[in-house]
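The two complexes that follow have chain A in common; it is paired with chain B in the first and with chain C in the second.
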Partner chain A sequence: MIKVDTYRAVAEAEASMDGQSRYMGGGTLVMRDLNYGSYGFERLVRCTDPRLNSVRRDRGRIVIGAGLTMAECAENRDLAFLAAPAMGVGGPAVRNMATVGGNLFAPPPFGDFATAMLALDARVRTAGGEELGIEALLASRRTFRRIVTEIEFLPPPRGGFRFRKVSRVKPKGVSVLSICALLPQSGGRIRGARIAFNGMGATPLRATGSEAALEGRPLDRNGIAPALDAALQGLSPADDELATSWYRRTVAPVYLRRMLLERSHAY
Partner chain B sequence: MTSFEFRREFFADERQGQLNEIGKPTIRQDILGHVTGRSPYYDDHLFDGLLHMRCVRSPHHHARIVSVDFSEAARMEGVRRVVGPDDVPKNLNTLLSLIGFGKEDEPLLTPSKVAYRGEPILAIVAESERQARAAVQAVRVEWEELPHVLDVEEALKPNAPVVNATYPGNTFEYYDKYDHQKLRFGDVEQGFAKADQIVEGSYRMSPIEQAPMETCGAIAVPETNDRIACYTSTQALFFSLATTAKLLDMSSARLHFVGGTVGGGFGGKVDSIVEPMSVLGALLTGAPVKFMWDREEEMQVGAPRGAELWKIKDGIDSRGRIVARSFTGYFDSGAYTRLSSYAVVKATGHLPGPYSIPNVASNVFCVFTNRTPATAMRGFGITGVDFAIECQMDRGARATNMNPIDFRILNAYRDGDMKAHRRLAKNTALIECCQVVADKARWIIGSQSRTQSSLRGGGGEKAHVPATVIDEEGRIGDRRRSDVPTAPHSAGGRKRRLPEGSLRGEDVVAAPPQNPDMLGDAPASDPAASPENGRTLARPRFGPPAEVQVDRPRPRRPQARERPAIPAAPARPSTRRPLRRRTSVSRHVSGFRRR
Partner chain C sequence: MAKTPIAFSLNGMERSMFVDPGQNLLDALRRGVGDLSPKYGCAQGTCGTCSVLVDGKLQLACITLAEAVAGSSVTTTAGLADGSELHPLQRSFMDNFAAQCGYCTPGMLMAAKALLDRNPSPQRQDVVEAISGNLCRCTGYEPIIDAILKAAAFMRTRGRP
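Showing the complex of A and B:
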């Protein structure tokens, strides 16, 4: 029989975790596992600490609680640049429950919000006070056993943040892949771009080839051409029910081009 | 948003100008429950002590069961009963046995050999779903994998694995004689020989899962009077009830089935698998038992619309008229029959589509492969071949360098034409639909096409059953002995020519209607009998005389003593105006206007 324990303080919740426990944020992934007979755990741990749902500023950085739901994120004025990735998650019922923290652990075809966090170069904080970068978390998430409490990042420059979800069924299909880009500009040229793909590997991954190729280039057709050629460097999409690896490799540079050139997608 | 547009200018004399229902707001009887969220799903029915049933399923497409060890599962916490094939009183069924069509070929729980991935071999009943799932995981099955076949054409080869022991030729058997459903009308080979060009096409459709919102399932609950109540997702309540009674060898009077109106069906909830399973669980445990597929099961073992493959060959003359058309059709039934055998008959009755073609032949196969059994879905048997036919019409238009709508109108059937299955076409409206579609799409059609009408140009010579070449190719078992070609008239062997106006050597006018009220616009038989033999004339007068409208007799009104002794439903005089005359109202020409 599954046991459910609810704690007020996140530190208590983390202290109670063992190999048979699974932390439940919004439950959109854990309950599915439970309903479909996952036997990796016998106990669910919940936490009702209101700070998990907070959004605050700290020395210029935005800090959001890991328990913030996608619906709350999409409605928050201070997080307007994250409205697109938040609204790209599930339908209203899922967004009402799914959390920012949970999305960091959601395998493809889910996890589009985590792609935005990767593009923003976010840092995560755990219940034990440990801090680590988003890339380190994503790389170790299969075995990560601590509770993420907060995620923090610098707000993107105005007009310098873009997100695109690619699905075959409109408007609410599952993500074949998604792309998120942080595109700071100086004098009309890109300086320090971060481009992240979801669905092009086991976790959200950076398109480091495209990032390097964009450096010092303008966002026009000629300026982005080298970045498109380098888009697939380091990415290894899989065949699955939604698309073949070939299809993803073929369309990824196309969608990257559209996202980089279409200003309507810029925040 | 679209709106209904009634094109009154067509067939104006056939009905009053006003439609009484179409285009009018109507309140569905169940809509109040739907919009207020009160319509119950079967899974909304809650019972104390409810037990949960889950199946052990085959991970292989085709395999023999060497051994099953459920001793550990049976000892697990919460497990109340392991249900095996021996627990099913009559563990072999075919759905359409209820109407006497087909042989029993599918077990409810498979005892020895699985023929598709996901086929159930054992069920566990436990106190919670989680316990049932855990026990299923604990069952140890030793499999001996067998070669499998997933393609319909491969399945017809002599050395193909035998998918379904009841049908060792891997096809459903029609009339105890052939491995396919035949249609022969005229002489296609002669038609092809006379044609100016031959156009061939091959069209393949994948299976489509109905994907209902609530997955298939049922909850069976013992009642105190030795009856079992069953709350089910079925979209065929009495069909499921009778199938359950048959498989469990019990009186249907002991079964009380409760259906619902939500959850979706689309054809995917007629196969009556979950009801006998849950009722069996309740009978064996004496407790309420739920058997509900999860989403993965719905996708893997839920019967989809089957895959189809159609090969069409047309002979077209220099004027663009199709003078001969042959079909080779394959319905992928999956491992068992379910409803594909019937889909084949339905499809054959539809050939060659809404066109008047003097020579038609088809061989349509219901093929068994090691795929999930296929079943009903929205017009199954028709939609697939219609897609193929219309693609083929586009191909024919390109080959003849004709406007595709002109090409369709030129070849369209008209009232009074004899169709390939020996019924006179009536209430045809393809020409008018083409004209309206052309207008809506701003597609320019020829002036000749513009002046055509379904009411003119039909019948006459086209009302005859032509002299027809028949053959005996494709007898049951032939394909096991050698590689027999599948296209009509391709296998060689003895052929016979039936004289014009005859069927199976007997003179006929057309297949008689089963009921008087099916008499529509054309006479079912010619009243002028032959003075020579006292039977129908070998060359009957069909349809209207040239240039005369089709005769539309009034249907025979039932006599007073024939009327059923059932009180009539209350009429709604305020919304329903009596029709001026009783004619068929199945012909509608409409356009959809985008707002």
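Showing the complex of A and C:
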């Protein structure tokens, strides 16, 4: 049977973690595993430190606590650009529970919010003070046994952040794929775009081909054409019960085009 | 493995109980306290029939760790009626044929309650969003949406919480 340990201080919680422990954020995924008896750990670690739910500014960067729920994120005016990815996670009850920290570890088809963090080039901080970039975290998350306490990023330029979730069940279904883009512009040309896909690999991944092809181009039909051709470079979607790999490869450039051209998806 | 003692308020009454490590709130409510109003559907957060309010917020009891509600206030469908007087949402569900097999009904009612507590004048789209985490296999959702909108209108004129 499982053991549950609850700590007030997150540093203590992390220090107690070993190979048999699993940290629980909102528990929306961990509890499912427990209910179905399919968990590979003996001990559940919780933390009630209220700082895990904080939102603050630090030298121009936004720092959000890993325990912030999707609902809290969607309601926070300083995080208005994240309302779309936060509202994209589950229904209202799931959003009241699901944390932004847990989303970084959620396996496909989940990870819509993590995709936004990847587009924003976020950095995470652990209870032990370690800092790492979002890509390093996503690449190592299967074996990651520390507790993420904070996620920080620069706010996107106005109008330069877009998110789109593609699901089959309306109004709410899990993602066939989701896309998020940071699109800074200078003189009407894209400079340093970051485009991230969820559902196109084992973790959220950058569409580096599209990013390079957008550099210096205007955000119009002709300007984005090379980026659409390059959209699938380095991405390898799986076949699963939601869609085939072929389907995802076919629709990903279509949804990327819509997202890049439709201003209604811009924050 | 040692059980954990917890105390919380359930529909306004103080409750104390022992929960197993890892036990979910749905199981604790149904088997521990005997409140059978939140239903057991999928046990994976997908169907919404176990929805309850924890400190006023909609949560899925099946994926809520029971010991995490210690010190909280939990509301289930059993706490909606005022004695023998049904809550306007319950009455509206009856009057508008919003329940067929009834399995989704407790979850729908709690999702609707969470909405109306926050927004007494919802638009249709607000209702659709509010029940988007709750599955109904019988009604096609339209009677449920109508029932919630009608209950909201009734509550605005009568002022019942």
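Note that the second predicted complex is superposed on the first by the 266 of 267 C-alpha atoms of A that agree within 3 Å, B and C clash if a C-alpha of one lies under 4 Å from a C-alpha of the other, contacts with A are read in each partner's own complex, and residues count from 1 in each chain.
Definition applied: a residue touches a chain if its C-beta (ideal position, glycine included) is under 8 Å from a C-beta of that chain, and two chains touch if they have at least 3 such contacts.
All values derive from a computational prediction rather than experimental measurement.
> Residues of chain A touched by chain B versus by chain C: which partner has the larger set?
C
> Touch check for A:Thr28: first (chain B), second (chain C), both, or neither?
second
> Using the superposition on chain A described above, determine whether A:Tyr36 touches chain B (first), chain C (second), both, or neither.
Once the two structures are laid over each other on A, A:Tyr36 reaches both partners.
> In the superposed arrangement, does A:Lys172 touch chain B (first), chain C (second), both or neither?
second
> Quick one: is A:Asn96 in contact with chain B, with chain C, with both, or with neither? Answer first, second, both or neither.
A:Asn96 contacts chain C only, not chain B.
> Identify the partner contact of A:Met1: answer first if only chain B is touched, second if only chain C is, both if each is, neither if none is.
Both partners.
> Where on chain A do chain B and chain C both make contact?
1-2, 34-36
> Once bound in the complex, which stretches of chain A touch chain C?
1-4, 6, 24, 27-28, 31-32, 34-36, 44, 46, 71, 90-94, 96-97, 171-172
> For a test of understanding, state which residues of chain A touch chain B in their complex under the given definition.
Spelled out, the residues of chain A in touch with chain B are 1-2, 34-37, 39.
> Please give the residue numbers of chain B that touch chain A in the complex, ascending.
128-130, 133-134, 137, 294, 296
> For the complex, give me every residue of chain C touching chain A.
Against chain A, the touching part of chain C is residues 1, 4, 20-22, 24, 43-45, 48, 51, 57-60, 62-65, 67-68, 111, 114-115, 128-134.
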